[in-house]
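Shared chain: chain A. Partners: chain B in the first complex, chain C in the second.
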Partner chain A sequence: MKKIVVACGTGGVTSKNIAMKIEKYLKSKGVEASVTTCRVLEVADLVSQVHPDVVCSATELPPLDVPTVRATAILTGVGTEKVYQQILDLVR
Partner chain B sequence: MDALLGAMSWYAALPAAVMVMIGIFLVGLLLARLKVLDALRSAIYVAAAIVGMNAMVGMFAGAATPVLQLVVESTGLKLDIIDLGVGSSYASVLFPLSFYSILLVVGLLVNVAMILLKFTDTFDVDVFNYSVWALAASYVWVITGSIPLAILAYAINEAIVLKFADLTAPAIEKAYGLDGVSIPHGNAVIFAPVGIFVNWVIEKIPALAKIDWSPEKIEERFGGMVSPSTIGFVMGIVLGAAGGKDFGQTLLLGITIAAFMIVFPRIENILVEGITPVADGMREICTKKFNLDLHIGLDAAILIGMPDVMATGILVTPFILLLAFILPGNRVMPMADLAIAAPFLISCCMPYCKKNIFRGLIAGIIVMIITLYVCTATADWYTACAAMNGLPFESTSTTLGICSSWVAWGIAKVFALFA
Partner chain C sequence: MGARIAIAPSLVALDLAAEDSSDAIRQLGSRLVEGGFAGKQYIDAVLAREATYPTGLEFPSCGVALPHGEPTEVRNAALAIARCKPEVQFRCMDDSSRSIPVRIIALLAVNAPEEHLDVIGRLIGVFSDAELCKKLLEAKSPDEAAAVLDRAINGGERQ
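Let's turn to the complex of A and B:
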């Protein structure tokens, strides 16, 4: 089971929105993933606890030890395929 | 006609969660073109989230209000308006408006109309935050009792915010490299002028204009402290101690408030899970018809991660409490929104402050002063609306994150003149 963390400003609406879409996309590609959301301030701590495969965010992330993907496109609806592909490649 | 009015009054008299469920179901089915089962699932999730969120708000208010009253009585400070947090607005005031589903449709139609009339370049896909514009509608509904007037207030609020989004888009794009994006977030983007003003003033004073602080160090040192659960726990302890509670009761208050801060966002997630398919459906219907060069309107949360916004937010947060105590005429006791209000409300000031944290801090303090006064001025309307929705608060309440909208306050004042 792949692990993904999605961070946003409040760890609420935006990150959940993105998380849902990533989960759906990965499922359609046959990849089972558990996606958690959090606030940007907590992301470093969460990463050291959970060791996700990828961290995605709608906003800037602090430097992390795991691969990160800027997922703003998932919110705007413009250029989503590229971002999804990036995530898929990192997770496979 | 009578049948229609009769049906509408029957609908409005239903319990709030039921109204929300039916409303979201209809919008999902008819506007977002979801399959029946998907629309139903969305509807149930959103309604369930409303129920859950209201339960939590009740728990929080039930625990905090009596102690707060004790503190107010013993210190003589008139801080009787309790800040219940952004979530309380979704759960008790905005989503449960009997005409909220109509607002969702109107929101989309007004945006589309404005685009076609070239009044705006922003296509707001952030349907969840249509709710922020609904604040003006809720005030006007309380003041006039008229749903059509409330819908009009909503449309006016929307138009103003979309305009703000257009005007601020260039600066935001330049500052953060977010191309093709604008922020029609009703409570964040309207404070951009404060950023413009503060930056203009400071640049005239060479000694101040030189000051520049680094965001990384601030985030490192203080970032951990501005976590909602920590702040909530500490507030609970302080309140309990100040209210003369014993050891057990004081710790319990700390835990209860921390519980609210930690659990509430999870329930909010359920709301998002429910509304996202509806919002996406609504957006897809529109993008199929447009191929214009539009800015995509998004939630201000995409700015929060920017180091300068985060660091400034962290620095401004303690000032919120200080200001609450020293501002004459302020009646708001910041609580639930303490940890999250600052980054949001100052986010759109930062591009104009050239991402300078010192300037951002000054702008942030001014934003918070405005926030506290506007929240004080609107608390009665806000509380009355929850009561009219059948979800009354325990006492006069507000939320820093949402009720800080001076635009909603202004619109309400204008309507009040004519009421």
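Let's turn to the complex of A and C:
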């Protein structure tokens, strides 16, 4: 199954919200993926352990070896379709 | 369904005048501390987080900031809201080199993000809803603003 990691600055507030929305979107497209959340501080380590197919975040990310998608649009509602499509293309 | 977040009129600051984002967070934060929702350390944590991971977000209707910190020092989940006059510069969540003028600050104190997932989702939804955002921007009293938010976030089936 494809793996998605959603990172955020602190406390899981934005990452969990984004993760939930991504799961819902992928489900509506009939795509299965495991979505986990983490703090930006931990993301590099997590990526080397888990090798996700994509890392999404509304906050800035450090350089990573896997594709990343800026997910701010999922919070603001401006340009969400484009972001969802990017994610979908990476996990389909 | 998920837990509620306290949104009392005492936690609403209409026409907040602040020198900068830190000043605004401190002013708004003091309401949470006075209300017993969080300790002073929480506000320090929020300020520290804002410095490294800023929370400015550009919604269609206006600039919004969502400062928050690690859930550990929160006693009771609450939301303090400020409508800034004039707008205050906050750095952007997805580009810390960029600043945007922010009209609404939503200072969040949650102690269990998993349980509060629904309410947080609805809060973010308020700002992308042109009609609700307008109600908030035009509210004439803290009671009115708190009621708009309480209904949208804690009440009912809104998604």
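In the analysis below, the second predicted complex is superposed on the first by the 91 of 92 C-alpha atoms of A that agree within 3 Å, B and C clash if a C-alpha of one lies under 4 Å from a C-alpha of the other, contacts with A are read in each partner's own complex, and residues count from 1 in each chain.
The working rule: contacts are C-beta pairs under 8 Å (C-beta built on N, C-alpha and C of every residue); 3 or more make two chains touch, one makes a residue touch a chain.
Everything quoted here is computed from the prediction, not taken from an experiment.
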Looking at the overlay, does A:42 come into contact with chain B only (first), chain C only (second), both, or neither? first
Contact-wise, after the overlay, does A:50 reach chain B, chain C, both or neither (first, second, both, neither)? neither
Contact-wise, after the overlay, does A:62 reach chain B, chain C, both or neither (first, second, both, neither)? first
Would you check which partner chain A:7 touches, where first means chain B only, second means chain C only, and both and neither mean what they say? first
Pick one for A:88: touches chain B only (first), chain C only (second), both, or neither. neither
Specify the partner with more touching residues on chain A, choosing between chain B and chain C. B
Between chain B (first) and chain C (second), which, if any, makes contact with A:31: first, second, both or neither? neither
Is A:17 touching the first partner chain B, the second partner chain C, both, or neither of them? both
Where chain A meets both chain C and chain B, residue numbers: 8-14, 16-17, 20-21, 40, 57-60, 72, 75-78
Spell out the residues on chain A that touch chain C in their complex, using ranges where they run on. 8-14, 16-17, 20-21, 40, 57-60, 70, 72, 75-78
Which residues of chain C touch chain A once you look at their complex with the stated criterion? 49, 52-53, 55, 57-60, 66, 68-71, 93-96, 108, 110, 113-114, 117, 120-121, 124, 127-128
Please give the residue numbers of chain B that touch chain A in the complex, ascending. 125-126, 128-129, 176, 178, 180-181, 219, 223-224, 226-227, 265, 268-269, 272-273, 276, 283, 287, 296, 298-307, 310, 340, 343-344, 347
Can you list the residues on chain A that touch chain B in the complex? 7-17, 20-21, 37, 39-42, 57-62, 72, 75-78
